[in-house]
Structure formats: C-alpha cells, structure tokens
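Order of writing sets the chain letters: A, B, C and D. Residues in each chain are counted from 1.
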Amino acid sequence: MTPPTDGQAADNNDHLVRSDNPDHPANLIPSLCAKFWKLGWVTGTGGGASIREDDLVYLAPSGVQKELMKPSDIYVLSLTAQAQSLSQRQRVYLRRPAAHKPSQCTPLFLAAFTRRRAGCCIHTHSHWAVLVTLLLEAQGPGNDREFRINNIEQIKGFGRGFEKSGNLGYHDTLVIPVIENTAHEEDLTEFLEEAMVKYPDTYAVLVRRHGVYVWGENVHKAKTQCESLDYLFQLAVEMKRLNLPWITDIEPTTPKKS
Amino acid sequence: MTPPTDGQAADNNDHLVRSDNPDHPANLIPSLCAKFWKLGWVTGTGGGASIREDDLVYLAPSGVQKELMKPSDIYVLSLTAQAQSLSQRQRVYLRRPAAHKPSQCTPLFLAAFTRRRAGCCIHTHSHWAVLVTLLLEAQGPGNDREFRINNIEQIKGFGRGFEKSGNLGYHDTLVIPVIENTAHEEDLTEFLEEAMVKYPDTYAVLVRRHGVYVWGENVHKAKTQCESLDYLFQLAVEMKRLNLPWITDIEPTTPKKS
Amino acid sequence: MTPPTDGQAADNNDHLVRSDNPDHPANLIPSLCAKFWKLGWVTGTGGGASIREDDLVYLAPSGVQKELMKPSDIYVLSLTAQAQSLSQRQRVYLRRPAAHKPSQCTPLFLAAFTRRRAGCCIHTHSHWAVLVTLLLEAQGPGNDREFRINNIEQIKGFGRGFEKSGNLGYHDTLVIPVIENTAHEEDLTEFLEEAMVKYPDTYAVLVRRHGVYVWGENVHKAKTQCESLDYLFQLAVEMKRLNLPWITDIEPTTPKKS
Amino acid sequence: MTPPTDGQAADNNDHLVRSDNPDHPANLIPSLCAKFWKLGWVTGTGGGASIREDDLVYLAPSGVQKELMKPSDIYVLSLTAQAQSLSQRQRVYLRRPAAHKPSQCTPLFLAAFTRRRAGCCIHTHSHWAVLVTLLLEAQGPGNDREFRINNIEQIKGFGRGFEKSGNLGYHDTLVIPVIENTAHEEDLTEFLEEAMVKYPDTYAVLVRRHGVYVWGENVHKAKTQCESLDYLFQLAVEMKRLNLPWITDIEPTTPKKS
C-alpha cells in the first residue's frame, strides 16, 4: 500500500485503489466486469463482483455501467473493522468513491468471504441462470429447489467443496441450491447463508427469477467456476428444448489397457 | 462552445460537434452506436440515438453504418429555435453534416425530449423487441397492446416514472405499450405521443414489427434501461418457447430476521 | 495508382493493392471480411467479398482465414481485359498474390458487376440463410423457390431495384429468389444469372444449403443490405420456431393529422 | 532455436517459447486460445490446443484461463525423446512453465501427431458438439456412434482424408465418429486411436457429453476444419429443432452449359 499522494483527505485512502498491477483488485474488478458485460452477465446495472485480499474487501459500486467501471469507482472495507462495528448493517468503508452508492450485493459477497473463505465472489443476471430457475419452478414444489446435472464433462470444472481438495468427476452430480428471490437484495443474505449451511460443498447459489452468486478461493477459481456454471445453465436450457434429461444413468467406460 | 476555427462558413457551427471530452454528445453518440451495432440493435442502417443537453439536441444522421459514425456526422438543433419555427415540420438545424440526410426518428426523439424531459433517447430494431410485438399480436386484439412482465429481478432496472423517484420493485409489473407501425417513420409521432399520455410512467414504447424507442433522464439511464428492456424482451421470447408465463402470482418471500 | 516501387517484376502490379486509404478496396476487403468473420458469415474458409471500382475488380482469394486477410492477398482483374480474353473462363489477372488460388466465387461476383453494375458483392455462408432455404425446401416443390416476407420495418433497408430510386416500403413484400446448389461453385453462375433475369429488382440470390450472394451499387449499400437480409433471415427462423407467418395482411395505420 | 539468454538454468530451454514471430507455436497457441475462448469453445478451463513443428510439440497447460494464456505458459516436448522414454506415460518435457500442470489432453494430441502426422490438434467443449452427441445418444444404440450429414456446402471445408488430396464434395457425406467419454481424460486415448483406425479419413472425433478433438496437417487446416465442424454442429442442432433431416437424397443440379 503506497501512502496517499493526492490532495484528497488522507482518510479516504485512495491509495487503496491505485496500482500499476493489472491484477490488483481495484484494476481486476473493472476488467472482469467489462468481460462479464460482453458475456451478457451484468446487463443494465445488474450483477457485480467482489475480491477479498486478506482482511480487505474490494467491491464494485451500485448503479454503474459495468463495462465503464474504473478503479476510482471501487469501495474498500476491512472485514475486521466491519465485524467490530456495533451494528452489522452499518458498513465501515476504508475507501469510498466520490459519487455512487454501495452495491446491494455487499452482504451476500461478505457471506462468501466470511463463511467460505472465498477470495472472489461474482453475481450475474445471466439469462441462462434465470431460465434454469424458471424451468425448475415449473416442475412444482419439491422439485424446484436444486439444479442437478450429471454426466457432462464440464462438471469437472468445480471443486469438490469447502476445504476438500480436487474437483468433481465426470460421473458426479453437480448440485446447485435455489433460493427464492426477495424484494430487497440484502434480504437474500439469510437465505444464501442457510443454503451454504445446507449445501456445504456448493460454490454457487441460484436465486429464482434473478440470477446466481458464484464464489471461489481466488479470482481464477471464482471466474472459471462461474463460466463453467453458465455453460451448464445454457446447455441445460438447450437440452430441455430438445427433451434431453439433465440426470442420466451412464455406465462408466473403462479403459481396456492398464 | 469554442468558436469556429476552420474554413467552413461560421454558420455551420462545426464547433458544436468538436470536443476532446469522450462524453460530449457528438463523441458519445458514435461510441454508443458502435456498441449498439455489436449488440445487433442497429443493423443495416436502422435504429439510432439522440442526446439532449439543455436546449441543444444532437442527432445521428440517417443511412449511416452505425459502427462507423463520426462526430462530423452529427446534426444539432435547438429546441427553442425549433419551437419558434413557423412550421413544426421544417427542421431548424444549427449544424448539419456535409453529406447525409436527417434521421427520420427525429420527431420521435423530440417527443421524448419535450414531453418527458429526457436527456437521451435510443431507437433499436432489436430482434427481441420485434418478436415480442409479434407474439403479442398473435394473442389477438385486446391482448396485443401491452408487453407485461413481473417477478423478474431485472425489472428493478426501470424508474417508477416521469417525475417519480426510485425504481420499480421485483414484484411490480413492467408495462410497455405497443403502437402499430406506420409506412413512414415520422407518422409514428402522434401515436408515440398518445402512448406517452396514456402510459405516463413508461420509459419506452414498442413499435409493432419495427422495434422500440427507449428514453431516460440522461444517457446512463436511457442506455441502462434500454439494455434491461432488451434483456427482458429476450428472456420473454425464451420463456415463450419453453411455455413459461410472463405474468405470475408469486408470494413475496419475507426475511425472518428484522 | 502509384508506380511499382518494390523489387517484384513490374507486371505483378503490387501497387494496385497498396494504399494508405482505409477505404481502398485492397484495405477494405480485409477489414470487411474480418467483420464478417466475427458475425459468423465466413466461417472456415467459406464466403468472401469483392469490390469493383470502374474497370478494376478486387477479389479475396480462396482458402484464406477471413479474419487474417491482408491487402497482399488480394487479386485484381480488369473487366475490359477479361471480356477481351479469348476464353471467358481464363481469368486475366492484373495482380495476383504470391501464394493462394483465386476464389471460386469469382464468376458470380463478376455477374453482379457486369449485369447489375454492382460496386460490391458479398457471399456469406450464414446459418440463417442456409436454414431459410431448408425451411422453404420443406414446404415442397412450387413453394420453395422464393423467400418472401412483408410487414417488417427492416424491409426498408433494400433498394427498389436495378436502376430504380428509393427503397422498399414497410408494407412491400421482399422477394429473394432461391437457386439450387451445384457440386462446383462456378457452375452456379448460369443459375444466378437466370435469377437476375427473372428477378430484375433483387439485390440478392439465396443458394440452397449453401448461403447467399448480396450486391449493391457500392460497398455501403452491399454491406447494409447484406446485414438487413441476414437480420431478416434470422428473424424468419425465429418466427418459424414460434409459428409466426412470414407473409401477413396488415391494414396500414394512417396518421390522423395531416 | 536461439541459445538461452536469461538467468534460468539452461536446461529449462525457455528459448523454445520465445520468438518475435506471431506464428511461432508459443505465440500462436495463446492467440488461438483467446480466439477460441470468445467463440465459447474453451470455457472455464476446458479444451485446448497443441502444435507440432517437426519433432517438437508445443502444448497449452492445464487449468489456465484460455484468454489469458502467455507464451511462458507453454510446455514443449520432443516426440523422439518421448518415444525413447522407458514408460510412455512418463512425459519427457524439454521445457516446462514455472507453475501449472500439463494438459490431460496431451496423449490425445500426441495420437493425432504420431498417427495422423497432424501439425495441429484442437480440443473444444463447444455446446454444439456436446448437443450433437446427446441427440445421437437419444436415437438409441446402433444409431449413436456417428454424426453424419450431407448436402451442405460447408462440408467442402474438410479434406478427403489421411494422405488423400483434395476436399470433400457438396454431395459427399461427412462422417464423424463418436466415442464414449471416460472418467479420466487420458483414458480416452485408446478409444480415440481405435476411432482413427476405424475411420482413417476422419479429421475429428466427437466425445460424448464432452466435446470434440479436431486436427489437421497444419494450424490453418486444423483451425478452419474445427470452425467448419462447429458450424455444422450448430446447424445440425438448429435443423433438429426444426425437424429437418441431416441426411437427404438430393439430385445433383448439373449446369446446362459445358
């Protein structure tokens, strides 16, 4: 962290978002969001991303066109200072952008950072995610709370789970819980946390008629898992259109040679 | 406004379209149109965009490849001078490009600027907009005049309406009126104005078999609302293909904690 | 034309493909093809483009990755010299690239240049064009020889026809003839020429299970008409999936005011 | 090969991946993978590419975001040294990147290089490839082992086969074998090799629920054949949705003139 060098009051800590390193969170969040905008994940001003480095959490603001985001738009908070604040809802920011409001995804990102030790959390409004939650909803109560798919190679893109090493296998079933959307985004937090408890090995939670939250131990894992999941959501919708089932019983093919 | 510095007659006011600021309307309209071309919204020479700054209105010309537009292609007119001209159909341009013809969308853009105090108005020929008007038409008279969708998170991307603060909520119903297309684009104007009166809180009007007009108080709001609307149009077509209804009765999910 | 300045034999006329002007045909064909590659029109090595300036015709070569094309890849021939050659099939090139073979589309491009005085001709293998020819084929003999669509605003992107001024109207029917594909591309030429005679006002000919040829008086018109046509092909496929008819009987909406 | 010039131990042979030539395999693999990422072929960390120049094989590593790959990420091995190693499974790399693990596609790429003298092999997880294998699977045993399509112009993008000159014709049937996926990617190798024996003229093998491997004598042929194949896979899925058959009996259209 370089000391503040501009005329702003030292306590706005603008130095926290200045770096020549393109992988610094304050540079990486804008470049990731620009990529996500082109993928159709963060249309309008929906969706966002957040990165944690040790105690510091970097957040994209609310209401910004994601492909135009700049490092100076980034919020920074300290997890320790946040935990120490008297009211958990009162955000204690080390650094705030000049205009903008904080992202309403903030408590959900923080849940991934504090409960799953995630290094990065991404929120998308991908069409494919929304359509999958609608297709599940149409199956009726009891069948609408989980997205399940197996026997697709891309499933190997996901880790086995929290504090487990290695990835899922081709024949494993990927299970992503679905929570119902709430009128106010911050009210999703308790349901997301419930889902994390009930599905301790998931790296994502779908939100009905809204989108998906995906996290990972670091930016690489969060971003690649988010891509693999959106790939599977799109594949699932295409499969549904062609009457192909998401869950199948495939006999493993074993090699003849040792 | 810098004084004219080139050899052209001073009364062509070329200085009105020259600026180093990428957010100056004469620079922003070309960069927005290039973005819209990649999104498939302004294919061929259809669609366009216009920006108002106080009394000045900046317009993309007719018949230009949208991804190749330059600041020197931009028309500028004064709303006051236009209102004072004896015949409203006679356009009083402060600045005209060397070649080109004025956009036929001009009176529709002006309706948004004068009746809704819009700062920006966008017109797209998006496939999804056209398909939504066709799906509504197929429902028969009486059911074909409004696009209605609710219980989708992206609805929160829209303002509550003219001179109202805040945005629509997740459970609100987004209502976009549909007007029938006319043989000549300028003849749409009275129908667009009728729709603005009948639907005072809308920020958009669909045109059957043609596309959509979307506006907002400023470029940010017009562009993000246009994106969110196209997202919803595409989602609506995908939902229709999968027999999922656009209007549903969802019980709100309330948080357990205070 | 600047005189040859490099060590190559003067009769290879490399100066014909060297220019600092980005709109010079030898620069424009590569930049258009790169754009068409991104649109999915010239996948693999299929498709191509050609530009005529007075007596000179510039052609993309065969078998080149379209997004990697360079001005030095371009063939140049003279229409007059070609007409004077003893055998019409013997191409008389003023300039040839060092490697590569000439495009098999060449006689088809020349048909547009000599019979329609086109300034540019584009050939795409667009999925949407191929699917439209397949949907027509499925309607059976007698109904499979023309793509017809009306009452879609984008139809206004097309000129009224050869040596006619103005564009088609919203209520007009766009008619694009379909010819059957042949085993060798150059054998399409007589069928394309037949279609030009039978449909004198068309600017395009669909080739069954193959793609489409689109031309225009200049690059702007060929390119924008090609875009508008691909838009309509894609819309037509989407409409077919949703059981929406391509030909409708819409009562014109007349303005109330004068 | 330029001698090593940096401080690293000479036996890591970093000079093998350094070049100013954009077509050097260590530069070309990253640029190709960035292009493939945009096409949706190498989402998450799935898929990859490999190039052979004489005895040297250049490979993309495992687990890298394909659009961020750099020349320093590339593995290099010698086919001769590999053949001489006591255990074929023990890879003998001339050059390894500092971090990363070798790609699990390596034995499959090597099969294309050693058995088909390929100069380039590409592996994609394209949705369209996966969906085609699922549509075939749904046809039941006996009908699910080959993707067959004919009478589509894009078929001409494929060579006639190993050590045969010229390309397939418009009326020829393109046949791509399908092998079943295995839990571990390297176990596919024997099945891929079996398919190469059974289908000696194929340039590709589909892997059920996984993707496709495509090769060619050089980068140009591998990449253009991969594009043409993905075009045909996408077309096939669209045709299936519209109930259009992949195999038809079309009477060739013969030219009237000689």
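Definition applied: a contact is a pair of C-beta atoms (placed from the backbone, for glycine too) under 8 Å apart; a residue touches a chain by one contact, two chains touch by 3 or more.
These figures come from a predicted structure and were not determined experimentally.
*Asks:* Superposing the C-alpha atoms of chain C on chain D takes a rotation of how many degrees, nearest 5?
*Replies:* Fitting chain C to chain D on C-alpha atoms yields 90 degrees.
*Asks:* Regarding the chain A and chain B pair, does the interface count as same (over half of residue numbers shared) or different (under half shared)?
*Replies:* Counting which numbers both chains contribute, under half are shared, so the two copies meet through different residues.
*Asks:* Provide the C-alpha centroid distance between chain A and chain B, rounded to the nearest whole angstrom.
*Replies:* Averaging C-alpha atoms per chain gives centres 32 Å apart.
*Asks:* Taking each chain's centre as the mean position of its Cα atoms, how many Å separate chain A from chain C?
*Replies:* Inter-chain centre distance comes to 45 Å.
*Asks:* Which parts of chain A, given as residue numbers and ranges, touch two or more other chains?
*Replies:* If we look for residues of chain A contacting two or more partner chains, we find 241.
*Asks:* Once you draw an edge for every pair of touching chains, what topology comes out, line, ring, star, complete or other?
*Replies:* Drawn as a graph, the chains make one closed cycle, so a ring.
*Asks:* Can you identify all of the chain pairs that touch?
*Replies:* A-B, A-D, B-C, C-D
*Asks:* What does chain D use to touch chain A in their complex?
*Replies:* Residue list for chain D touching chain A: 40, 43-46, 65, 125, 127, 130-131, 134-135, 138, 180-183, 187, 190-191, 207, 209-211, 237, 240-241.
*Asks:* Would you pull the chain B residues touching chain A in the complex into a rising list?
*Replies:* Residues 151-154, 156-157, 169-171, 220, 223-225, 227-228, 230-231, 234-235, 238-239, 241-244, 250, 252-257 of chain B touch chain A in their complex.
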